[in-house]
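Everything on this sheet refers to the single structure shown next.
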């Protein structure tokens, strides 16, 4: 992450702005920056998306591979997260430098998806105890300009929306031996219901107020923040306090309220963008990184 | 899989817990919580200053449950708190294992807001926590234990840090201080506070929390923490009575 | 190999190209704002990103510092989802480490490192989608990124792969052509002076054919040069136009 | 006053005591510190023990899991010992993968198990070539007060004696294992090795059961492991002061008497545990 | 040092161990030791015991990392490289044993704040490997001219059946034995420096092994002497 060092005066300037609900880039406390979303950007994947918020740029590829169900959950497939903080974002991430942040983020992702409603894992099972789909959700961090967690979860939701898993038929011969056959038709595929997929809203405490979608400068002004993962139904699936500072319980209650409110509108607009993009079908001009 | 050349080698293709092959109990509505109210905690036994080599140490044991040990010592670095949190292999109960990643981060962040690290610009504080037995709510216990060990070492802090856990069952009931069976089937919350300042220093919750339930659970946890506080003060008092004159941080 | 016809009797390749024809190249410079230079390139279905940081102070141990020129530091990595089969690690495996060294050697030959003694230039390339010629695509992307960063080079470095099938040299191999297992050559060329920055060949090729394959490869590199040069000129025009706007405002 | 002397001139401080044939903590040269054993306190483990020799505290937990037997020995299971020296026990140790001392201690415990045949690996096989037990024996040092190896061996034996494995049946139809967690069986303990460590001071004094300080100042260390028949299982002496045959014999004799002390202690603990139940 | 005009192959020490009625007769397999065969290290030795062969290199006294530095003596490091594969925990244990044995004869106080590194490459293992490693290490230290209080040598003994003791066993004999002991003796008082063992044995048997090692030690020390002499007479 490009590290930002702010002087006291700059901090005070940001703080006063937040106090008056007017941030340095003209936004209010509960406003996001422009979010650019594009799905189906990498053709080697079962689903992919790229999301850009300000200078934060994230690419997510979902790959479905055949595996064996976990012993304690024989009737379910499972999801694996991997976050690659590439040296693209900052030279500090070169070699193994990005691993620490990468594991921190993937731990967080495991936690927000650790419930029944996020992804329907039972639909990923092909043959109980024997075969299932493993969804590898690989996050590639290309640039970081604040609000990493929100961007990543939005991108994951978009990539999961874009995911098309091939249909599989289980054939059974006379002796009861089972065989698996992949459908030949590339359009014969299964889609995931993304209604339960949560998005994180990070609330940074600045002064007495809190802001969403903080820039790097604002993050540098904040001693503590709360991450709230909320799905479309408004259910909270994960919450965590981050940062060195401590928080007053009352302000956490307020932040939970804001988080839920913001997440709701975030989900609605994301879904409409995704639907709109899909309705264009093949006609859509793929942009990718070519502007 | 890469082989760890620094340990005695086990079976090549790994091993599985026998619990996975055990006859499953009926999946029906298991009755949670017998003989203990939803906002009732298990009894806790706390001792500070029992390790001979560490600058400060503490041990916390929950009746019929989790056992946590923590030691603190000085290292030669620059003003920073270094936490090491580990679960012994034999600590986890036979029923499956859960993802514990991120526990160390909660520990670190909870303590960082309490320890006045700026007072020790030229020293590194090292902290090592070992969970020997996990019967639910071991993570907040580990944080409590760590804060106690820091206090035992005479480190300047704004306040002790006390942790508590709560869980929310499928039917929406909220239980304080869950056992590992209760944790397994419900949504979990870990909360740490600085009781005197009434500030939240750490918060982590997973699973599904609907409506106002997170707020409710947080309040329950805070009450639990407050109840634990006098007990911790007591143990610190008795440990410092033992070592008179109290050694300064330079003594190590 | 049997059953897979890489070159038809009419002299067309699987994707309809002629033996000496490149895949479509699309590129863009200045993709990221935080890096000192960046570029994105697509060669057919192979997509790569390159980012350049520097010249800046030498990071890490000071013993790496060179007193007469800049250190060129590279990292080649592949997104875990870039290949058909998922990769377990983006970098650090043997293949990526080898390509990292190749990349470093290539750009040490091209960048005027003596202009920046005691400093370091980082070049990070990332394959987003792999479909043959990964290394060459990365070199081309990195060239654009270095130009975007404003670091002086002797010349563009243009790279292209070449193979030899049925007595015909093929250039810019796709994944299918690479996987067929014939001889494979990767050439990084400084096109104006015809100097070779890096040449690597795998598998076996009769000595008599080498010259033809090399000729085909260097011709392809010059074709790549034409495309890259065009892109750079267009990009510069855009940027100066923007600067002009700002100047008048 | 004495504290200051000890801190500034630790060697001279110890010499003063040894000249009088006693040690700073009041023990005689061939006297052990108080040994306490506590078994079965960790209920999540299949067997556990907490052993303290003086300040040196080691907790041993045994966790049994299933694995496929090794290809070259289809009728054997596995015993995987692992000694952990976390920063908890002494600031000497750093967090992260095991350092040299921990690795050497793990290898020592593995050697003791292998040489003495505490448990026969054949006993751990459930079905030849298909399924066997793996006993993960984790020995975690909580407080490093000197004489780690003796404490570890004692904790290991106590924990193994305390271990109860769930009963397993192979379902003949499915070929899968069926486990009953409620019925548990004890392991067959064939031998009960006991370890006795010595530190050599100034090339002439031989002290049994050294404390941390005595280990640091020692000119040599030696560990003897012996079983109930008086058979030697391991002698480990790596360098340090050289010993004559007679001195070695004296140490072996001390190890034999130590075996009896520990054996009695473990038996007593066993009795108290069984009567409690 | 006395340089004798005597040359030719060193006399093979013969070791006879009498036990009750039975006598085991057998010669030590020491077949050669070449000194200073490597150019990069400060001292090197290739020690052969039958088909067992270990190549040792010694570097030092040399510069050392600050973190490993000891202010009152040299830091000795030993690395054991197995014939195939990477070193594991077993090698680590051997390294510690060899290091501590070497430390007890090296006059480390003469070179404080330096490092002495001993690298042992196992070339072939045909039994008695640990003793071969120790002997190779000692010879390499001599070759490097590291100041030492005395020398040490190691002997491996195998106990195959009741009433039998084999000195310097080969791999097959070692595998068929119920116990294998390696004992290192120092040269000054001929006392026991290092013991390492596998399998079970009685106290009496242990003493017999010590006795056997004691007898063999003089032969090995003589062999050391001859090897050094040979090196100097050649050059």
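Here the chain labels run A, B, C, D and E in written order, and each chain numbers its own residues starting at 1.
The definition used in the following text is that a contact is a pair of C-beta atoms (placed from the backbone, for glycine too) under 8 Å apart; a residue touches a chain by one contact, two chains touch by 3 or more.
Chain identities (UniProt): A = Exosome component 7; B = Exoribonuclease phosphorolytic domain-containing protein; C = Exosome complex component RRP41; D = Ribosomal RNA-processing protein 43; E = Exosome complex component RRP46.
Remember, predicted model here, so these are calculated numbers, not experimental data.
Chemist: Which contact partners do subunit A (Exosome component 7) and subunit D have in common?
Modeler: Chains in contact with subunit A (Exosome component 7) as well as subunit D: B.
Chemist: Moving step by step between touching chains, how few steps can get you from subunit B to subunit E?
Modeler: Contact-graph shortest path, subunit B to subunit E, evaluates to 1.
Chemist: Per-chain Cα mean versus the mean over all protein Cα atoms: which chain has them closest together?
Modeler: B
Chemist: Among the chain pairs here, which one is joined by the most contacts?
Modeler: By number of C-beta pairs in contact, the leading chain pair is B-D.
Chemist: Farthest chain from subunit D, going by mean C-alpha coordinates, please.
Modeler: Looking at centroid distances, C is the chain farthest away.
Chemist: So, what's the distance in Å between the C-alpha centres of subunit E and subunit C?
Modeler: Distance between chain centres: 56 Å.
Chemist: From the mean C-alpha coordinate of subunit A (Exosome component 7) to that of subunit E, what's the distance rounded to whole Å?
Modeler: 61
Chemist: Roughly how far is subunit A (Exosome component 7) from subunit C, centre to centre by C-alpha average, rounded to an integer in Å?
Modeler: The computed centroid separation for subunit A (Exosome component 7) versus subunit C comes out at 31 Å.
Chemist: How many angstrom lie between the centres of subunit A (Exosome component 7) and subunit B, each centre taken as the mean Cα position?
Modeler: Inter-chain centre distance comes to 29 Å.
Chemist: Can you list the subunit D residues in contact with two or more other chains?
Modeler: 103, 106-107 - these are the residues of subunit D that touch more than one other chain.
Chemist: Touching pairs of chains, all of them, please.
Modeler: A-B, A-C, B-D, B-E, D-E
Chemist: Under the definition above, what is the set of subunit B residues touching subunit A (Exosome component 7) in their complex?
Modeler: 16, 20, 96, 99, 101-102, 105-106, 109, 112-114, 187, 189, 193-194, 197-210, 214-215, 218-219, 222
Chemist: In the complex, go through subunit E and note every residue touching subunit D.
Modeler: Those residues of subunit E that touch subunit D are 89-90, 92-93, 95-97, 99-104, 181, 184-186, 189, 191-203, 206-207, 210-211, 214.
Chemist: Considering only the defined contacts, which subunit C positions touch subunit A (Exosome component 7) in the complex?
Modeler: Result: residues 26-28, 31-35, 40, 42, 45, 47, 49, 51, 53, 59, 73, 75, 77, 79-84, 86, 90-92, 122, 124, 126, 128-130 of subunit C touch subunit A (Exosome component 7).
Chemist: Spell out the residues on subunit D that touch subunit E in their complex, using ranges where they run on.
Modeler: 100, 103-104, 106-108, 111, 114-116, 220, 222, 227, 230-245, 248-249, 252
Chemist: In their complex, what parts of subunit B are in touch with subunit D?
Modeler: Touching subunit D: residues 4, 6-19, 21-23, 51-54, 57, 67, 69-71, 73-75, 82, 84, 86, 88-94, 126, 128-130, 132-135, 252 of subunit B.
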